[in-house]
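Naming follows writing order (A, B and C), and every chain is counted from residue 1.
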Amino acid sequence: MKKLLILLLISVSIYAQHQQNSIKYNCNLCHECENPTKLNPCLKSCPRDEVITVYHSAEKAPDIIKIDLVKSEKDIYQAVNFTHKLHAEMSNMAGGCVICHHYNPVGKVVACRECHENQRKREVLDKPDLKGAYHRQCLMCHKTWKKQDDCNFCHLQNNVKSSAAKQKNKKNVHPKIETPKKILFKSNGYKNTLVTFYHNDHTQTFGLECKSCHNSDACAKCHNQNVVQVKNSSKKMDKHQVCSSCHDVKTNCQECHKSKEAKRFNHFAKTGFELKNYHSKLECSKCHRNGKSYSGLKKECSNCHSAWQPDFKHKKVGLVLSEEHSELACEDCHNLKTMKVDCSNCHEENFYPKHLPGKKVK
Amino acid sequence: MTEEIRAIPMDKKYFTPIVIGLIILAAIGGIFLLLRFLFGIGFVTNLDTQHPWGIWIGVDVAAGVALAAGGFTSAALGHIMNKSNYEVVIRPALLTALLGYTFVALSVCIDLGRYYSIWHPLVFWNGNSALFEVGICVMTYVSVLYIEFLPIVFEKFVGNVNLPGIFSKFNGSIDKLLRVLQRYLSKAMFVFIIAGVVLSCLHQSSLGTLMVISGSKMHPLWQTPILPLLFLLSAVSVGFPMIIMESIISSRSFGLKPEMKVLSKLGKIVGPLLGIYLAFKIGDVVIRKSFVYLNDLNSVSIMFFIELLVGVIIPMRMFLSKEVRKSPTFIFIASILVVIGVLINRINCFLVAYNPPYAVRSYFPSAGEIFVTLGFISLEILLFRLIVKYFPVISIPISMKHKYSIKIK
Amino acid sequence: MKKQNRRDFLKSSISIAGAATATNLLLPKNTKASPENILSNDRFGVLVDTTVCIGCRKCEWACKTAHNLPAGDASDYDDKKVLSKRRRPSPGGYTVVNQYQTNQIPTNVKFQCMHCDHPACVSACIVGAFSKTEYGAVVWDETKCIGCRYCMVACPFQIPTFDFDKAIEPNISKCDFCIDRLKVGKIPACVEICPVETLTFGPRKDLIEVARKKIKNFPDRYINRIFGEAEVGGTSWLYLASSQFEKLDFPKLGKNPAPGVSETIQHGIFAYFIPPIALYALLGGIMWVNKKSENEDEE
């Protein structure tokens, strides 16, 4: 039995070894030269940027992290309570978690201290120590803001009382962001120079999230109060890039570039099809499905609603059908082309909309 | 009745209006000096981190050493070249050098932050330092100068020892001792004379090396590796004009006839010496192409022109002319020009050309610095007059009859 | 003055020659008493990455604290207006941070002694009060200094300062690389406190490699020059910057060690005391010939 076990073990290990040999490693990932030796491994320095592979949403991220690992000979400041979640959320507009978690291969989130030694006197000098790494990471953005590279912006001095400290720690919610209603861009290249951009319509009416447009902004774009005006991405292409996900920026210039200030977009005024209830909540592309063109859709419901789902919940349109109506097929009441309701199929008089077949909800 | 030129004490009235003026100047200098020792260097000078050296070094020391060069040039001429007809100027030149170097040492001392540690270079050596060499050479040379002066002291006291009161019984034995010392010293004197010349050559040049290390902080018009050579050449050139100037002034002061025969002979050497210096100076500026800095007119280029024109070219032309050399007035003016030229050169090298990278203001000497410098010069002149009064330094033609008793009114 | 005769002259000449030979034998040994200038292979350095510095001036505070200078409270250093002044190291603070408007974001530069590999102050000091230690630090010895301030004249970076207002025991003060801390295995106080590790402490040769790598990896961030790698023969403190160093108040310096020319001249004049002795012999010879001809004339 013993012998058998040993034999098994050996065979397994040989197999494992065999397996290992067959795995192809990319030597260049870690070594700089072609033939690394034990004496001269010519290792690459720790790669600074490696795309994060596990994405945790900002909401799931830890809320506040107390940074108290770094100890100095004389500690002037108290440990910093880092509002991680707040920063994570805001980072969505500036490139995401990777702007701080710059190195994270497959697996769990790598902590700073795993690469950055918590020791200033050390052997490997080509990456900053933990204290330096923390500060540099924060200052990468904070440095560009007015006055916010002051130590006191994040730190509390050691001699400050704890009540004041609590006060400071309250600031873990981002104050409400004031968004512009309307921005008037002036372009030089095109004969019609004015582009009116209704910011709130895009965020509210068209349901765009902040990060769907603002995904690689510098923090300083908002946080920089009047010091260094970081140049707006003034290149024609950059600006168009943001709009191009919805608008046709190649051919239909007049759509945005006008000779005078444009009015707010009004679906009813423009097309005669009023967006209300359920439709108002839809993203444009839910209906305007064929590519970039937003024209050509007819007002008839059947354009979209060709095949009804059997489990369609009528509640969605703002009317919960009463029990006796809920069992009916759609076409029993609706004209499938126009969706007009005709009660006369069952009822003698035209009840609708005087008597509703159910209850209105919001 | 044969006539001989002989050095005798100038037994004249000491206090004249000029002497009293000098005493007042020296006293004012003394007051500033007292303040310096009470409240520190910064209290009386305009020195700061950007300008660590001022006129106490640039004028009192650097120019002082250069202008005391008469001591070794005359010694070289009189003793080494063995031209006995220059004997008349050797003693005054020696005394000038002696006093000059004494005051150089004093100036160094007051400029040192830790003046009480002035002996440190004797113990802590740094062979790489030009300043160390200057320091050691000057210390040795001052000693050599005092030894060279000893025969004059012996001359006064031998056969003339007259101690007061109870010490009078030692008169005979001290006289004997002095005679023995005098005999041995005169035999070994050539050792010190040559040593004096060698030491002078060394530290006169090293004084130039001093500023070489300041590198780019010194203006390219002056910053050159041959700075030591230029310093040596200029010191050699200024030696005789200094003797001429000093001889004419003391002749005037004591109502004697200027020794024009000797002075014109000395003046004859000055022209070629200045020529050699000028050739090196201009050659240096041309080879290093630093003349480009003369294109724009500013304080630096103006000072360079003044230094060369007033201090070298004009007096050189004057010394080359026979008429000038014969005239006491003109040879005096020419000599003064050379002296001023060397003075300006040292000021230029140490102060004007010194342009530190982070200077927020330029340096100009304070009243304290100027008065201490003037005070030192005054004191030097006063001491010269005093020593000349009691010791046989200045030579005058006298008849053999009155060899041992002479009084000049 | 009495004229000596020829026999006396010869006799004394011989004794002088003997004495000169003796000094010749003795002196070169003594000149080795010159100050230490150790260039250890493992000497330390600091790499200053000016693109990282935020100008918090904590290094100034730490430096003063480490050197027992009046430092005040750390919060006194929060005032950033000082940065735009062109301050220099002083007896009251051996390091300063100045700010330069170079790009959109200003560059802060910390100044202190560069700790040259071939220091002008070590070469210049009349009593050898300065020395370069095996740690890389250039330090001043209070017990030797005479306060002549030649080090200040010599220093190409204008670093040593002097107590001009002190009548007694004025000091030459400058950054000493925290030599006392280095000796017990600690790192300099400024390096220790720097929040962003603008200052990287380590063996100088490693730091040069680190700096080269940085320049290679971030060519947009740095100009291709490590200040102090070659300047005046190399310095222990090295600087990286995003703009020309001359714009950041660094002096324009060559690659030759600052004391180079001066020492060459000095050693040329004093090569085993041959030139002075040769001059002495030459002058003696001339004197002897002149005496001889004079004596012959007399005979």
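Just so it is clear, contacts are C-beta pairs under 8 Å (C-beta built on N, C-alpha and C of every residue); 3 or more make two chains touch, one makes a residue touch a chain.
If you're wondering where the values come from, they're calculated on a predicted model, not measured in any experiment.
The count of contacting C-beta pairs peaks for the chain pair B-C. Of all chains present, the one whose mean CA position sits nearest the global mean of protein CA atoms is C. With centres taken as mean Cα positions, chain B sits 85 Å from chain A. Look at where the CA atoms of chain B average out and do the same for chain C: the two points lie 32 Å apart.
Remark: chain A and chain C have CA centroids separated by 56 Å (rounded to whole angstrom). If you check the complex, the residues on chain B that touch chain C are 36-43, 45, 47-50, 52-53, 76, 79-82, 108, 111-115, 117-118, 120-121, 123-133, 135, 151, 182-183, 186-191, 193-195, 197-198, 201-202, 205-206, 209-217, 225, 228, 354, 356-358, 360. Against chain A, the residues of chain C that register as touching in their complex are 47, 52, 54-56, 58, 62, 65, 74-75, 78, 80, 104-105, 185-187, 191-197, 200-202, 206-207, 209-210, 213-214. Those residues of chain C lying in contact with chain B across their complex are 1-2, 4, 8-9, 12, 16, 30-35, 86, 88, 90, 120, 122-129, 144-150, 152-154, 156-158, 161-167, 169-170, 249, 251-254, 258-259, 261-263, 265-267, 269-270, 276, 279-280, 283-284, 286-287, 290-291, 294. Partner chain C is touched in their complex by these residues of chain A: 45, 72-74, 76, 120-121, 125-126, 128-129, 131-133, 135-136, 139, 143-144, 149-152, 157, 228, 230.
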